[in-house]
Every structure is written in C-alpha cells, then in structure tokens.
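Presented sequentially are two complexes of subunit A, the first with subunit B as partner and the second with subunit C.
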Partner chain A sequence: MADKIQSVLRLLRLYARMDLNWVMQDFKAALIVVCAEIINNLTAVSGILLLAVRFGGVGGLNTDEILLMLGFFELADGLCYMLFGGFNVLHISRRIGRGQVDHMLIQPRPLIVQLLTEGFMPVSGSGGFLIGILLTMLAWTRLHLEVTLLRLSLLLLYILCHTLLTLGQSFLFGSAAFRTPVASEELSSLILDLNSQLRPFPPVRSAPLADEPVVYGAACRPAGLSAVAGAAGQADRNCTDTSRLYRRCVRAGCGMLLPRGYAALSAIQLQSIQRHGPSKLKGRKTNESKS
Partner chain B sequence: MKANHECIVRLANVTKYFDQSRPVSLWKREHSRIYALNDVSFTLRRGEFAAYAGPNGAGKSTTFKLLAGLLRAQQGQVKIFGADPCVKRIEVMRRTGVLFGNRSELWWDHPVRASFEWKKAVWEIPDDVYMRNVSRLKELLDLEPLWNTFSRELSLGQRMRADLALTLLHSPELVLLDEPTLGLDVLAKRRMIDFLKLANQELGVTLMVTSHDMDDLAEMANRLLLINRGRLAFDGSYDALLRMTGDHRLVRLTTSVESPVPDGLTLVDRSGDRFTYRYDGTKIPSPRLFALLAGIPGIRDIQMEPENIETVIAGLYQKWFSEGEAAK
Partner chain C sequence: MKHFTAWRATARMCLKEKSYFGLANIIAQYLLRAAGLGALLMIWRSLFMQGADMQGLTLNQVYVYTILSTVLAPMLDVRTPASGWLHDGSVLKLYLRPRGLFAQLAAHTVGGWVLPLAILSLPVTGIALLCGVDLRPASLWFLPSLVLTVSLGFAVDYLFACLLIRLNNLEWVVHDMRQSLTALFTGSVIPFAALPWGLGRFLALTPLGSLAGGPLSIYAGLAEPMTVLAAQLFWNVVLWPLALWRFASMRERMVSYGG
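Our next item is the complex of A and B:
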C-alpha cells in the first residue's frame, strides 16, 4: 500500500513538473490563461452576488452566506479542476471518444493510478482554486466565523464529496462514449457544464425536497445545492439542534457513498467494455456474416 | 538475430467479432456480426522479425489490439510471454513496446525530451538503463537536433523517429509496430527500416510489423504472415510465398521492330519500342526463355528482373477479393 501511495505521489510530482515546465516555456501565454480563468470564475459568481447585494440575500441566505456559498463552490470546483482538469481526465468522454484510452492501456500502470495523476496541473489550473480561497476567506471574515479544526475538517469533507461526485458523474455518463464515440464525445463536458450553469443558484429554501438527501439520491444534483449545504454547514446555520446536525451528517454520508456507487458502476462498465468490446448485443438475433 | 525456441507470442484459435447495429429505417435496425479474426493461430519466437500484412479490413489492427491487451478475444487464447495480456496487462506492457503509426505517444505541447523523461518515470526505468538507451537511440535515430523541439513542431518523419525511440526506451523484448512507415518519404523510410533491422539483429528485439508497403516488409522481415478476411492465409518466408504464387519475373525488351508475344509470356506493358513481358520462372526455365527470345528479331537490349513483391501481393489480394465476391 505504501508503495502504491509513493508511486502515486511520484507521478503527481512528475505531472506537476510537466505543468510547471509548460508554464515556464511560455510564461506570458500561461499567465494569460491563468488570468482568463480567474476572470471567468469571478464573472461566473458575480451575477448572483450582485443580486444578493441588491436584495439583501437570495433563497434564504443573506449576502455574506451567498458569498460563502460561492466561495465554497469555487474552492471545490477549482480543486477538482486543478487535480483532474489536465489532459481531459475530467472530460473523460473526450479521451474515450478519441480512442485515447488505448494510450493508457499500454502504460504499465493501473488505470486508476493514471486517472488520479494525469490530470494534475497545480500551476496552470489553479485559477478557480485561488479565487475560491479568496472568496471563502472573505466570507469567513465577514461572517465572523472562527477557524476551528471542526470547521476546516467539514470544509475538506464537503470538498472531497464534491470532487468525488463530479468525477463520478463525469465518468459514469462519459463512459457512454465507448458505445457511441462520436455522439458521446462531449457528454462529460455537458454534465460538467450543467453543474456550472446551476452552481450560482441557491434553491435550498425554494423546494422542500432540496434540503434532503433524496436530491443526491436522484442524481439530479444541482451543484448549487451541495454548495449551499456546504455553506450552511460552514455558517452553522440551522445546525444548533441535533436533528439538523443529523441531516448534515446524512448529507455528508450520501456525499461520500454516492460517488462510490458511481465509481463502482463506471468501473463495471469500463471492465465490461474492455473485456467484451464496445458492442454487446448478447441475446439478440443477428445475421452472421462471416467475412 | 537468430530466433530461438522461446515462444513470445502465441495465438491459439483466436476469434474476435464485432456486433454491428445499423439503422435500416426510422424504427428498424439490422444487427450483424463481423468477424475481424476467425480461428487464427500462430506463434512468434524470440528474435523473430515478422511482417503482418493483408488488405484493408483484414484484421491486422485487431490482432495488434488483442496482442496489446486493448481488446479481448471471444474465443481462443492470446498469450504474450505466457500470460494473457488483458489479465496481466501491467507485467506484459513492461516488456512490450507498442507503436501505432497513426498516433503519437509524444506529449504534444512539450519538447521531445519531456516525453522521454515522462516515460522514464511512468515505466520506472532505472537511471543507468535510461541513460544508455537514450544515448544509443539518439545516435541511431539522429534525435539530438530534435531533442529540445516541441513535438507539435516535428515533421512526420521526425515524429515517427522520436516515437520509435520512445517505444524502445524501456528495452522491450517484443515490439508491435502498426504501420511505422506510414507517410514517410524515401529517405526517412530507409532510415526506419535500417534501424528496425538493427534493433532486431543487434538488440535482439522480437518485432512484428504491419504495413501496406510490401517492399518494405520484404526487406525488413524474414517471415510473412498474410491475413485475409480474418483468416490467416499464409505463414512462411517470402521465398515460400513466391513459390506458392508462382515465380513471376519480368523481361523487358528494346527492339527495332514490332515484337511478337512469345508462347508462355504475357505482354504487360508497351512504351514505344520497349516491351515488358511477365513469365512464370517455374514453368519457363532460363534456357527456354533465351531460346524464345532468340526468335524475336531486332532485339537491342534485354533486361530481366523478378516481379515486384508488391505486384505479387496485389495479385493475391485481387484473387482473394474475386473469390470473396464469388462466394457472396
């Protein structure tokens, strides 16, 4: 086990170095890319923030809590992008659709290790993460939240859940590209875009079911919901009594378990496709044309 | 290098098919099964240099994908170094190099050097082996001028050289090359062929190569495997193939008068006063040919040569195609 972890760390270091080299090769271009990403992320959150400022809050959260929600999402999404954004790991359907999984299969490394490491880009992909840190710190300061171990742990837990859910969704839907490579090539992007489109909206108080784990269970996870859950948890909002605390734990638990389910399904599908080929028409009547 | 008896690759009664589903109308789909490989068996011993050829869609790439563990056969056994490449993928890939000519393993946005360093880390190549191989490959494939060039800036020939070096970096015992000479000019092709021969003879690498250029394959490999419509149609040496298809030769005559067509010869080309005839060397031995030519008046020049292997194979493919059409 220790060997495997060491091996993953070595590969992460390798990809980090490659990313740094890429940045240093053309520093100006890389700086433009990072700045554009920062501006893009700021623009994405500014709309809802301005609305919150104008109306003194949105969806039951006040302006500072909205800021915390946006900060949380930027942080979680930025980290996800930084860890898995490179070489289309996050957009796995592109790799599958373009036949690039072949390149992975000829490497003497387990697929899971390759998927965990190849997308790491700590320098060029850090724009969203940096904005997330900035917004979260700003929100914490404005909400006068103490930085405690519990709060930090909770933040990490939510970020982990978010990352696993995002990866799980992308891989689960993206693996459809094994069957229909061209049609499904952009499926992962569509799923991730869906999250991005929904991320600034805090519908937590607008729908009674939205606050419940069933939202996760139904897999229709508007990213704003998990961000709100994260933000509400961070702000200690409605968490004074035990039932609220219980809900929070259930949410976190679902957040932990569901991605595993996703991952398991993806793994099964991947394995099945690798073993039997992309087309399985077992049990169907076929016209055999031996050629 | 002389092949020894150790079996590196073994395919035993391998069948691989793909199920297809085609829409025939808005509501109806037609399902069919295409056999990419049908009961194919062969072995490859250590140190062999085998050419794997066949017409488009014959099953060459599928075979390579099965050997590389990218696909799994529905029937039969595929063994590389005695192991199933799908099950023992990691162990097999440590000892195998795979190059698909239409794809590149180089990191596009990085210098060539970076791809080699990446491979060193991913394949866990020891420092001394890496240094030795890099310096040897740089020298043999003339990579020094390309070393710090971005992969995206390389020409096709340069990219193929760099890709080939990358394939051999971890000292693989078996190398599978799918169309390594694709799109290369005459000089680049020559260098590639020379290098592959060297890799086989001096480094002892077992090679299996596909190409549509039969002349290249004939020059490189000492064994030819021909596949047609998923079935192994021929397995043997080039000489054996020529014996099977007939020892076709060409004789070119330059004459001052109209040349008749002697018995047993077929006129295949005429350009001004130059006439090209084809004949079967097994049926018309040289003394008889000379006797036939002696009867032609006004000969100014005679040239004789064996028929191009490419033409022989093209004839074979055409024959297979006609047989396939007739069978339908």
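Our next item is the complex of A and C:
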C-alpha cells in the first residue's frame, strides 16, 4: 500500500514538473492561458453576482451568501480541474472515443493510477482554484464566519464530494464512448458543461441559507449539491448546538451518498474496462480506424 | 441564381454535418440550453416573488427577453466554423473552392442554424405561448436590429479568428474566453437593464453589447430602438473594414494542425 502511495506521489511530482516545464518553455503562451482562465472564471460567476448586487440577493440568499456559494463553486471546480484537467482525464470520453485508453492499458501502471495522476497541472491549471480561494475568503470575511476546524473539515468534505461527483458523472456518461466512439466523444464535456451552467444558480426558494429544505432540495440535483450545499454547510453559524451538529452530519451523509453512487458506478465501469477492455473494444470503429 | 444554388448546397451540407455526432450528442446539447433557460426563468420568477425593486421591468418583459435569447441564440452569437477550421487545418480546403472565403463560411454558419432553430427554438416558443407568455414584440424595429446583429456577429467572429491566428492557434483558450465574455458582455443572459451601477447603459454602447442585447432589448421594450440601431450601425461600419483588413494581413500567419 505504501509503495502504491509513493508511486502515485512520484507520478504527481513528475506531472507537476512537466506542467512547470511547459510554462517555462513558452512563458507567453502559458501567461495567456492562465490569464484567460482567470477571466473565464471571473465572468462565469459575475452574472449571478451582479444580479444579486442589483436586487440585494437572489433566491432567498443575500449578496454575501451568493458570493460564498460562487466562491465555493470556483474553489471546488478549480481544484477538480487542477487535479484532473490535464490530458483530458476529466473529459474522459474524448480519450475513450479517440482510442487513447487502449494505449493506457498497455502501460506498466494500473489504469486507476494513470487516471489519478496524469491530469495534474498545478501551474497552468490553477487559475480557477486561486480565484476560488480568494472569493471564498472574501465571502467568509464578509459573513463574519469564524475559521474553525469543523468548518474547514466541512469545506474539505464538500470539495471531496464535488470532485467525486464531477469525476463520477464524467466517467459514467463518458463510458458511452466505448460503444459509440464518434457520437459520444464529447459527452463528458457536455455533462460537465451542464453542471457548470447550473451550479452558479442558487435554489429558488425564499428561505435562509442554512435551512435544511434548501439543502435537501439542492442535493436532489447533482449540480446544486456541489455549490449550494457546500456553501450552506459552511455558512451555518451555530456550530455548537448538538442537534444542529447531528443534523449536519446527516446532511453531509446524504450529500455524500450521491457522489459515492456515481463514484461506485464509475469504479465498476473502470474495472470492467480493465478486465474486458481490449476484448470489448475489438472490432469497434474508433476515430482512427474510421479515418 | 447559380451562386445562390451553390450557397444553398453548402448550407444543406452543414445542416447534415450537425447530426454526424449522433442523437446523444444532439440531445445533450439542447438539454444544456434548455436547462440554462429553465434556471434563469426561475431566477426571474423568484426575484419578482421576493418583491425585489425591479425598477420598471415587468415579469413578462424579462421572460420574453430570456426566452428570445434562447430561441434566437445562433443568430445573436454568430459562430462560423472559422476558428475550429483554422485549428485543424480544414480552412485550407476553402481556398481550393471557386467561391469567396467569407461567403463559404457564411453558408456553413447559416446551414448550422437550421437544426437548433427546429429542435430547440420552435418547441421553446410553443411552450412559452402555451404557458401564457406574451411573445409579441414591443417594436418592429427589432427586425432591422436583428439583421444588423447578425452582420456584426460575422465581423466579430472574423476578428476572433484573427486573434486565434495571432495567438498561434490556442483554440480552446480563445473559445473559452469568447464564451465567457459574450455571455456577460453581449447581454445574451442578463438584460442590461438588470445590471447594477448603470453598467448596462455603458455596455449597450460597446461592440459586444450591440450584439444580443440590442434586438432583445427592442423586442422586449427595454430600450429605445433608435439608440440601439445607431450603435449597431456604427459598429458595423467600424468593425467590418477592420475585420477584412485584419483577416487579409493575418492570412499570411496562418498555421494549422492536421494533415
């Protein structure tokens, strides 16, 4: 087990160095990429934030709570992109559709280790993550939230939820590319776009942020779970109350259920690919064979 | 007539091309847009329900604005295949054909509008009418404004293609940046009248603001037609020569992948 972890860490270091090399090699291009990413991330959250500023809040959340929600979304999404954004790991249907998973199957590393490490780009892909940290810190300050161990743990828990959920959805739907490589090549991107498009929208209900129906309502939709529930969990100010703490654990458990479900399904798909991949792929048309 | 037949044949080819990626891809794409539309409509409804001071905006106006922005999306944000074809090298084949480059790109673009208009726009319009949204335009000046928007959209697209060439084919960077900038600054998502600090009045006069925001504001009765038309006309006169001049000079720097 320790060997495996060491191997994963070594590979992560390697990909981080490769990412840094790319930046050093063509600094101008890297600067453009990072600046463009920062602009993208800022404009992605600006629309709803401007509406909230103009009307003093949206969907029962005030402007600062909206800022917290958007900050959490940027932080979690940015981290996910930084960890898995490279080499189309997050957009797995592209790699499957282009037949690149076949190449991975003949590498002297387990598929899961390759998928866990290949997408790491801590330098060029960190724009969203950094913006997310800034926005979250700003929102915490404006909401006068204390930085407690519990709150930080909750933040990490929700970020983990978000990452599992995003990866799970991408892999689950992207696996369709094994069956229809050309038609489903962009399916992961479409699913991720759908989530990105819906996440910044708060749940439409006139209720305070920490009210449970809001959280449960938001948890019903995968996109909402990531942003709204994450923000709601952080913004609950009465952390000392035992019953609230208990309810929060239940809430977090419910929140974890969905991404776990997705993650489990994805793991099953992955195992199936590992065991039967080559035979399943045999005889199927891929982009390469078509061209 | 002969030219028009060739142009129509190209547009038809492009329409067919849209279905190459299969039903799942098409459904997912339109689901994406429908979901965005639904979320935004709910936001507007919640704002009116919570009693926010909308400063003259009516619920029907913002509904009409939002629905029209989805129904006319392909025309309000013109995307020719230029950027993608510059990236993968397909643009070269356009130079081998006995037609002008811009005419071919325009034909491909217009052909690509048919499917979204048929699959998404018609059903959305029908559903909106069934739900009792009054979709009658506030002013018929909306039509010339839409024509000017489409024309300006082509010019802006060619300028983005020039930017792509200048940035040595960083296609996804330009694509993503354009996506996020147009969503906010063209007024295709949020009406300028609903922006804080009088930001909308300034944005409406910019080239990007003259795209989607112009005809939608006239249609929903959120802006004076003559001011919008004057701004659109001005930007058309400025940006078209600029686009043609930049494209002519950038053509020499074209580098593509593929082969």
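Some observations on this one:
By our rule, the second predicted complex is superposed on the first by the 229 of 291 C-alpha atoms of A that agree within 3 Å, B and C clash if a C-alpha of one lies under 4 Å from a C-alpha of the other, contacts with A are read in each partner's own complex, and residues count from 1 in each chain.
Throughout what follows, a residue touches a chain if its C-beta (ideal position, glycine included) is under 8 Å from a C-beta of that chain, and two chains touch if they have at least 3 such contacts.
Keep in mind the model is a prediction, meaning the values are calculated, not measured.
Judged by the touch definition given at the top, the superposed model places A:A29 against subunit C, while subunit B stays out of reach.
In the superposition on chain A, A:V147 makes contact with neither subunit B nor subunit C.
A simple residue count on subunit A separates subunit B from subunit C, and the partner touching more is C. Once the two complexes are overlaid on the shared chain, A:T180 sits against subunit C while remaining clear of subunit B.
In the superposition on chain A, contact of A:P108 is made with subunit B only, not with subunit C. In the superposition on chain A, A:M1 makes contact with neither subunit B nor subunit C. In the superposition on chain A, contact of A:N21 is made with subunit B only, not with subunit C.
Residue contacts after overlaying the shared chain place A:L11 against subunit B, while subunit C stays out of touching range. Contacts of subunit A with subunit B, set against its contacts with subunit C after fitting on chain A, share not one residue. The residues of subunit A lying in touch with subunit B in their complex are 10-11, 14, 18, 21-22, 25, 99, 102-103, 105-110, 274-281, 284-291. Looking at the complex, you find that subunit C touches subunit A at residues 20-25, 28-29, 31-32, 35-36, 39-40, 42-43, 45-47, 49-50, 52-54, 167-168, 170, 173-174, 176-177, 179-181, 183-184, 189-190, 194-196, 199. Residues 29, 32-33, 36-37, 39-40, 43-44, 46-48, 50-51, 53-60, 176, 180, 182-187, 190-191, 193-194, 197-198, 201-202, 204-206 of subunit A touch subunit C in their complex.
Remark: subunit B residues 16, 18-21, 30-35, 38, 65, 68-72, 74, 86, 89-91, 93-94, 96, 98, 100, 103, 105, 107, 109-110, 114, 118, 121-123, 229-230, 324 touch subunit A in the complex.
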